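Labels for the chains are A, B, C, D, E and F, by order of writing; each one numbers its residues from 1.
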Amino acid sequence: MVRIDKRSNTDLRPVKITRKYLKYPLGSVLIEMGETKVICTVSMEEKVPPFLKGTNQGWLTAEYGMLPGSTPERKVRDVVKGAINGRSQEIQRLIGRSLRAVVDFSKLGERTIWIDADVIQADGGTRTAAITGAFVALYDALEKLKREGIIKEIPIREFVAAVSVGIVDGEILLDLSANEDMRAEVDMNVVMTESGKFVEIQGTAEKTPFTHEQLQHMLNLAKQGIMRLIEIQKKTLGLL
Amino acid sequence: MVRIDKRSNTDLRPVKITRKYLKYPLGSVLIEMGETKVICTVSMEEKVPPFLKGTNQGWLTAEYGMLPGSTPERKVRDVVKGAINGRSQEIQRLIGRSLRAVVDFSKLGERTIWIDADVIQADGGTRTAAITGAFVALYDALEKLKREGIIKEIPIREFVAAVSVGIVDGEILLDLSANEDMRAEVDMNVVMTESGKFVEIQGTAEKTPFTHEQLQHMLNLAKQGIMRLIEIQKKTLGLL
Amino acid sequence: MVRIDKRSNTDLRPVKITRKYLKYPLGSVLIEMGETKVICTVSMEEKVPPFLKGTNQGWLTAEYGMLPGSTPERKVRDVVKGAINGRSQEIQRLIGRSLRAVVDFSKLGERTIWIDADVIQADGGTRTAAITGAFVALYDALEKLKREGIIKEIPIREFVAAVSVGIVDGEILLDLSANEDMRAEVDMNVVMTESGKFVEIQGTAEKTPFTHEQLQHMLNLAKQGIMRLIEIQKKTLGLL
Amino acid sequence: MVRIDKRSNTDLRPVKITRKYLKYPLGSVLIEMGETKVICTVSMEEKVPPFLKGTNQGWLTAEYGMLPGSTPERKVRDVVKGAINGRSQEIQRLIGRSLRAVVDFSKLGERTIWIDADVIQADGGTRTAAITGAFVALYDALEKLKREGIIKEIPIREFVAAVSVGIVDGEILLDLSANEDMRAEVDMNVVMTESGKFVEIQGTAEKTPFTHEQLQHMLNLAKQGIMRLIEIQKKTLGLL
Amino acid sequence: MVRIDKRSNTDLRPVKITRKYLKYPLGSVLIEMGETKVICTVSMEEKVPPFLKGTNQGWLTAEYGMLPGSTPERKVRDVVKGAINGRSQEIQRLIGRSLRAVVDFSKLGERTIWIDADVIQADGGTRTAAITGAFVALYDALEKLKREGIIKEIPIREFVAAVSVGIVDGEILLDLSANEDMRAEVDMNVVMTESGKFVEIQGTAEKTPFTHEQLQHMLNLAKQGIMRLIEIQKKTLGLL
Amino acid sequence: MVRIDKRSNTDLRPVKITRKYLKYPLGSVLIEMGETKVICTVSMEEKVPPFLKGTNQGWLTAEYGMLPGSTPERKVRDVVKGAINGRSQEIQRLIGRSLRAVVDFSKLGERTIWIDADVIQADGGTRTAAITGAFVALYDALEKLKREGIIKEIPIREFVAAVSVGIVDGEILLDLSANEDMRAEVDMNVVMTESGKFVEIQGTAEKTPFTHEQLQHMLNLAKQGIMRLIEIQKKTLGLL
């Protein structure tokens, strides 16, 4: 099997992260992974959800959306249908959990960070691109808060990034494009920190259940991809 | 650490599956795993979603709800809030995927199976109980269709069941109760077939990322639990 | 005419009320009237609606729902349709009014009691079963509050129960099953206290208007049924 | 007790029904009962709900609303709150049932009649005024259909009207105004045909349950009121 | 071309404004422009939107609706569709802006005025009739507040009224009826004060773009119509 | 007065239109007017609204949205609030009308064109930028349809563009930025064709009504701006 874009099975697509993409948010990036393009923005609110009041702890929450023109068939707006669709809800909950896992909220104070990930072009892996990109926007936003003296240090424990792996026509592939994703027997999203620990594993076999061996293989490949992504995040932030 | 209900770390809670629990649905069970109680019902519609029309393939979809009295704090009804909450959406999508993975839709004809899982008492593990219980109700429903001559054979490839595992106070536990779930550093749901293949893995570290070794340990423990659950399913159905 | 289940025209269906059916709510019962099965739960909130603030009076409100598998045709969830349907709204308002009529709110303090009635199997008379069952759950809940010293006495003036009567094929029947209800010319729900006073009468002739004589006959029959139900409530509560 | 507007306990308020109040609907009236003012309109659709397709039977359905300026406190629009409130739903279902009880749908053909009752000023008894007024608009609409040759005869079996009765400060009153309604111990709405048969009885004791004797007294008084209203309907229609 | 109702191209339809049309609101009128009939009511709330808190400034907001029987085809209620339709939203925003332009909010105090315009019969020009009528109801309401000593003077800078103009079959017409509006190449609504200044111009060419000369002609004609409407407003209020 | 960005009162901000901005839609551009950035996409559906069925005429409809990060304060998503807000509805109706005015639908066939305008950064004039940009995307889309032989000619009668003008601190300005817009006494949006005809004029004086002379001045300035924008559209499309 040869992948449409000539990548080898273990290649990421070209990754480009443009910082300070928009002028108003505290942090913002445009992340492009191949043809997948996601705008990630970060804003802050000086309050926390009720369950955190008085704890001196902060919070982070995420929302995810897709523009009507981001998909091959025009996507009907959620507000027209009357509700956020289930898939978007799952994704925004995943993004929130993934970033919360590396933020030290005791150093943020009673503030809520809002992450918005809006897909302007979807070619597979939008949720993992959103996590990888949103982390960079979050880092920028927190650094700005530090520069302004609002917080004393950047309350991030370690870097985090995400990638998809999957089994397509029996082969294990890294970073699936939409075309590969649609044909995949198994689809797995992995979120991992720079120390190699798992934040989230979501593996799904809609067509064919997978074996323990296939799982191991996919997890290893995901790890390689994530380590490369974290390197790119660091370069983008001027830390390497 | 001793678990509240004196179980060892590798014990399931007592499991009870009551078949033919309600009189109208094609299939229905009450599944109890410890104090968690879920009504699972199966109904059928003589049509399929648009993307399957004319393919001679069936479909299966699931919905999940919780009664207001099912939780320690009264749960506000979704309809009062105006929308299915994100967590319920995730769960019902998971239930649907898990059961679809073992049904041979080419043998069902253009019919849609509706799974409803309604939690009447929630003490942790409602989504995995729903999958394990709904499978039995589904089997009963399909057997009835076969008896009535609507389908020629029961279109199920193999049994499927689900269980949670997690890390609580550093220890790896099987089948978490609500109390354990709330304290968990890592929470993982595993859906597996009787041949030991994975249908779904969802592992989440909201507090502390987990290592590859911990992951292996959890997956092994989940497998043991699921094999016991499939045995219970078979006994309940009179197949053992 | 012989009734499907061989009852005489003046018989109730078998009634069974299971107390403490769920572990979390303040009070909970499963009431079964023939094949009709309703879970009734009671919870409490330490606040009242705005119009009662500062009056030292309590309040009681009710909600009613039906599980998808409770009816012969799968019932679409309210939240999927986007609103509580009109029939459910009528019923939950009726349940609330019926129970409020026997509670002495000046002895409850500024607290709101929530009644939830969720039908798991519907074979006619779900609203009257909900009232009869919810009263028992309410009594249990209030007794618990008294035991815990939160209130000084059980603020209930007298017992209340409800039953349906109707005219089917020209004959006056007590406690209609779904099959009888569908064929009924007149359908009437009566809510009455143990002293024989009316709390609510709702009589409807969708097909054929009814005479004053028929009305009297129906009210007498309803009274007999309700007196038997109140006896069952008292026995269930260990008061007889 | 003397009533605010000097009526005796058994008096109706002044009733005025203006026919052909609006130019577009098939039938329309403005009904005024004292200060209560309701616009009732009738329109028709050349189709029936799914359950009547192919039966050659017609249908009738009703909707009820209140203008923001119709009440002492500005009433928030239903659409702003996001849903028809429970009370409006109950009322529109009542109006529909009441009128359906006197229409011979086998003579209407497969058509649906829409009744709209919109309150422009509310001073008690809006639902009963809506029924009494809507009947006149319905009669006008059906007569027009007959004149146009769409139906052969006016498919109405007998006249129908409605009135409220209640117990206020222990006295039984006819046709309660808003002020009386708010103070009422018992509130009852009665819908009756010209032959003296009941179409609907809805009696509610939110504060004090009522006796069988009080019920009889109220029903007699309601009957007197309704007979007078039917006379007014006939005079308005030029039939007396 | 002769207009259906024999008016010349520069004639208004007959205008009738009935003050104190309803008993509860602070101000209320029924305005009739030909067959167009709109109930305009004014109420007041002792609070302002968040952005005005502490400024000692008032606010004014408007809502607009149409009764189901107001149009040739029965209009489905907004609440049934689930949302205020776009056209109604535009109109209520226009009404609000138009009246805000002539109110001196620094003399109102921190109060919000609610304008409700409800169309009971629609024959073109409902939004302009609503503005013209609502101004009279507003004047009445403010005068009442002054009489009651709540405000010291009527905080209105100058009178305001509105009218439509348009191009139909190439001719420029004043005050279009529904029939003319439907055939119009250009439709323009003008809101103007008594000193001849524009508050709002909304001109739309859905079929044929219009020239600068046509625009001037339409604006002149609108001015004439508005000056006549302001005279009628003043006569209605007894100020002329 | 000197404008923040040093422009003279009659200058447009720098305009940049990037064609083929996204890969899936039939047409797409990113239009930038100063700091305002809007993605405009065009898609097509092979059906028309019911009122056009069988007429062999096409249709065009538009939707408008803003990303959460597009404004200084994070903008809550419409779907979270539960409805498209009034301002967005007005704007999308304006965009639709403006483009429909120059399309010859008899040459499109029974097809619906969907325009989506999504603001990624808002610094004033988003609606006029959306119209100007969407026209270019529409032209591209129609040219593609022609190339593919689906239509015989590009069914556009003439070019159309839009710009805002306004009065700020008494001075008449072209193409207001957000800062100017907030301080404006009068705000006007003008949509005009290349032959100098008006498609839409929307002038609003929330603070101070404006005179006839000011109106003329604003219209002249708008015309100059629009002529420059149409030149830019043509250059972007390679037609100049």
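One rule holds in what follows: a contact is a pair of C-beta atoms (placed from the backbone, for glycine too) under 8 Å apart; a residue touches a chain by one contact, two chains touch by 3 or more.
To keep track of the chains, here are their UniProt names: A, B, C, D, E, F = Ribonuclease PH.
The structure presented is a predicted model; accordingly, all values stated were derived computationally and were not measured.
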Steps needed, at minimum, to go from chain B (Ribonuclease PH) to chain E (Ribonuclease PH) via contacts: 3
Partner chains that chain C (Ribonuclease PH) and chain F (Ribonuclease PH) have in common: none
Copies chain A (Ribonuclease PH) and chain F (Ribonuclease PH) touch via same or different residues, half shared test: same
Euclidean distance of C-alpha centroids - chain A (Ribonuclease PH) vs chain D (Ribonuclease PH), Å: 59
Whole-Å separation of chain centres (CA-atom averages), chain A (Ribonuclease PH) against chain B (Ribonuclease PH): 28
Distance between chain centroids, defined by C-alpha means - chain B (Ribonuclease PH), chain F (Ribonuclease PH) (Å): 51
Residue list for chain F (Ribonuclease PH), restricted to those that touch at least two other chains: 82-84
Footprint of chain F (Ribonuclease PH) on chain A (Ribonuclease PH) - complex, ascending: 22-25, 28, 35, 39, 41, 43, 45, 63, 65, 67-72, 74, 77-80, 82-84, 114, 116, 118, 120-121
Contact footprint of chain A (Ribonuclease PH) on chain B (Ribonuclease PH) as seen in their complex: 83-84, 86-87, 89-90, 92-93, 97, 100-101, 188, 192-193, 195-212, 215, 219
